[in-house]
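As written, the chains take the letters A, B, C and D, and residue 1 is the first residue of each chain.
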């Protein structure tokens, strides 16, 4: 599939600006007369609001305004619901409780805004917080997912009968029948705790209302610029065209920046209109932990039924999913868990049930992995316990159950986050497993190295895990490709970019079609002034969906260039070809016309154009797949554990990944490694911890630990398999979340293997050395 | 956070009790107290500045005494709030006459810490709380000693407020100052739970 | 996350600094490296009324060899200077082992040796190291000077004997006798992160191989660094044996410390770590002393 | 609040400005001088994005007050190279794809510039320890380590 530039390891177009400090990020924007916002947030997780007195704060010099719920009048209402209810799944229950923009009457999570302060600068805005008096009557908080559903539990939303936010059951085959016939049934309670997206750049918003032009410009760190624009316009009663959302360079997304209904999104545009001055809000790191969404936090009651030979007959998984105090993002995360639990295995009977729960914690929405790591963790742990029970090698039990290549396309019978039945489109799962075993020298480690190490008293273990990643889901994305009079190409698409390299990979796709240099393609993402159709950057769909739209548009422009070129050169269309930024007559390079000249001529200022011909070297195209393309892979790692201190050193990490056609191997490797980084964090470092009263205990990087360079594997091997997806013309699948998905499960397996004497069964993630030591103390055998 | 512990006072229960009734003791155990107002026999409001090393803050608080069984036990419900966060606790305090002239104070309770204190200070809460409890008891020991000495001797022995007391130098010193600028607005009582519990206990009992 | 307003003084001499501290009393706070104070101020957990910045006083930054083979270290000496000092490496190899564990390189370029001691974080390394190396601390105030043994300097978490008008000016580390070995052992969740538990030992042997001095300090397992009495009592006067070291470890872990629980580690785990780290630290220190 | 007049040399240019004592050096550089290449990620000294050179040594600019820079020299990423003419370290980051969102990158560069001057031929382990105080959420560090080694080669051949 690789072409002149497509499929090549091309360094990125955007780098020189980023590397020299010239790239513009949200907090780099300065506008004349700009004011600064800060949120006064509740310290309590659950409380009744009796009175909020901001009168003293308003008097502070430099404070322009202080607003509470009262001041926002009818703007204070829940919503919008960003993702609709899963009505496609029969019998499902979903109680929509979208976010409140500011707490009114009641506080439901610690960090919920009670007031917004607007001041000359952020220092003064923070000073004003000392002068606000909030009289709150604390209420008992609910944080335990299971206790939350017990009768008599405090209610997060008092208009509901319980804290149940949603109930979704899906089944293929009949698990109970399968279990009755099984030789072995293993039941486990498994926990997957919460982690943050923790992008290096916190969120931010700059809003400018031009009162005379009646136009609003919003710079935002959003992954969903178009939905953000649309919801702001609707709320303010403006035409969409009066609102322009621009994403500057964004310092990482990882999921939470998809939110378009958080308090800042809702309130700041209103305030900017009221005050007729630009407003900037830059979230600080503590706020990022308190008031930017995070993810995971599920409790699973899972079962696996197998034959004596380790063949899976069925899997059952009933799980509690914490949605936090509200559920604005619908059921994306737990539905992803349902679709990724049995992932790459042949599981004829599968029952899965979501019990989504409201708690007095902040909202859960997707973070890199988005429900997939939870499902994969559950399944892979079950397989490990089964292997232990059956005395089988962990790699072997996986090999026996992986879906065979000839099974594709494989309908899963389970409806996913995109509300269509999941279909595994293509892949070669056994080959990814075989390759990863080869690159990490699995057999050699098991048979030669490990026995020697164990004889020396060393504790080195290996883990091996398989996974899938549902990616590139609909509904659609679009792109417009334009050749300018300078012969250079502009690509505009609706998704936004947080570091993925769209400015380069989309340029590669267009450049390949148009025969220009990648550097001569200017890619615009995330600016509704340039392109205003699309859903956003999520679910590893940028490349597969928007990238395909770019391809489709570029193909149209190519055809147009050949048509126009042939006409201008006075030959027929089949006599011309593209060569080095020109349209040339085949076999006669002396007769050619540069693309820029064609573009100019295709946009005449006099004369007429023929009916049916659109002017300019420009085309717009859209792409929406029937269902998402599924990537897959296998990972293996070797860890060395100090059995006294439980210090863990990851010596080697290998991943063999298949995301279909590779557009840029260099960037792909970066995406995979980045995912692994978060996966390692989710396994041993990162944990969002609330206490039983709903207080967040990890609101700084002192306590929320992001893996450092010395925490990462000392050696990393990344390899690719290319099984093109039949779902799009280039055969691409997504990869953004891949590394994060299998890593915690693989880490636990490797730990168990390293500490083999203790016969651990680690049914939780993340761990830390203290917790690992505790598990060893509780282990049945020493 | 669960708090539980005990402390032996070298003095008879009546004296310990009397000490707790003495408003001056309040100042000793709660250095930094700016004001305390009695609402009624069971309810009090107060304000203080606290400084522990680099951490400082003004707190305003409310105290409620319940289940009082004179002179053996009572329950304290304490709530303090300030810019750095809040603390909310409920503790049972029991005074046991040990029959040898000493009194055993037992306390057990549950304290919630919230806000910035909890969200960025969790690493410090345990050791700071322990340290404050320790220091508060040391201060009260001194106070009791002074009172007993005063009673026994002819010349009244004056007990120095802990801001001056040498052994409590660190805590008291740190607490004595605080927020100068914003302190006025709405202040505080109490960061670390136990001291409040104790202190307040003392205060309450004294009324 | 911006600090509250404060007054700022930038004295250029020690006298001037002491003058400010005397005038400010409780309202003032010394700003040394600021690598712990400024984060606390950014969180608005620390709200000093005035800062007296010592960074403009060059006379407070130095590493001077002393006649007894020790070193006098000025309070404002940057951690990275200590880390890379040949004199330190030669006279106190323990510091060479410790310094890279103090936060991260950028922090060590700014953080100061004296500031870290005066900050008295129970998880901090240098307060403990000052104790185990038997440091004498020079404390100055306007018109006065006093010397405090490191052992007596720390009163509680973040609390020291320093009065508000005082500042720590110099740390004097007495020279170590020949046949002295030391070892620092730490477990933290990440390199440069707060230690979950750590142990530093300094031991001396005589020519017959008997222990003449054994000092061992434990970090992050109490509200101040804890100097082990058991180490001295059990080890001094005899040839070190694994049994004796194990006994010290057992007593230290079970009786001498009072660890707490937080989200990173339970008290039980910290106790266990002390048992392990005491053994590792003492064994290594004795091996080095014997060389 | 009283302000102080400070004179500070940033990237070779001398600036005289009035600042409140509490103004963080990071905010001063970014918002008073417009040198927005220095990024702010945590304001408590752990992410490393705001790393600058203060009198030639890497420090966190969020953990210093602007007033403390009076009479000192500051170097920020803007002085390292331009998009047209990058420093070998920047070239190496580009070629090895050692950045994704690029937010943490200026902090890495300012940490590594003096590191490479003192470690012309660094090992993996030395590089890991040198960048331990800089968090990168996107790359997993592997490409950064490769870039540092490439930069060392480039600098060796050019000098």
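Convention: a contact is a pair of C-beta atoms (placed from the backbone, for glycine too) under 8 Å apart; a residue touches a chain by one contact, two chains touch by 3 or more.
These figures come from a predicted structure and were not determined experimentally.
When the C-beta contacts at A-B and at C-D are tallied, the pair with the greater total is C-D. Geometrically, the chain at the heart of the complex, using CA-atom means, is A.
With centres computed as the average of Cα coordinates, no chain lies farther from chain D than B.
Chain A and chain B, compared by their mean Cα positions, are separated by 49 Å.
Chain A and chain D have CA centres that are 29 Å apart. For the pair chain B and chain C, the distance between C-alpha centroids works out to 31 Å. Within chain C, residues 1-5, 41, 43-44, 190-192, 194, 263-264 each touch two or more of the remaining chains. Across the assembly, chain D contributes 20, 22, 43-44, 129, 132-133 as residues in contact with two or more other chains. Multi-chain contact residues of chain B (touching two or more other chains): 83, 116, 120, 122-123, 182. Looking at which chains touch one another, you get A-B, A-C, A-D, B-C, C-D.
Across the complex, chain B meets chain C through its residues 52-57, 83-84, 116-117, 120-128, 130-131, 134-135, 169-171, 173-174, 176-182.
On chain A, the positions that touch chain C within their shared complex are 122-123, 126-127, 130, 284-286, 644-645, 647, 685, 687, 689, 697-698, 700, 702-703, 705, 707-708, 710-711, 768-770, 773-774.
Against chain A, the residues of chain D that register as touching in their complex are 20, 22-23, 30-31, 34-44, 46-47, 49, 76-78, 80-84, 86, 90, 93-95, 97, 99-106, 109, 124, 127-129, 131-145. Residues of chain B touching chain A in their complex: 81, 83, 85-86, 88, 112-116, 118-120, 122-123, 182, 185-186. Chain C contributes residues 4-5, 25-27, 36-37, 40-41, 43-49, 119-123, 155-161, 163-164, 194, 222-223, 258, 260-264 to its touches with chain B in the complex.
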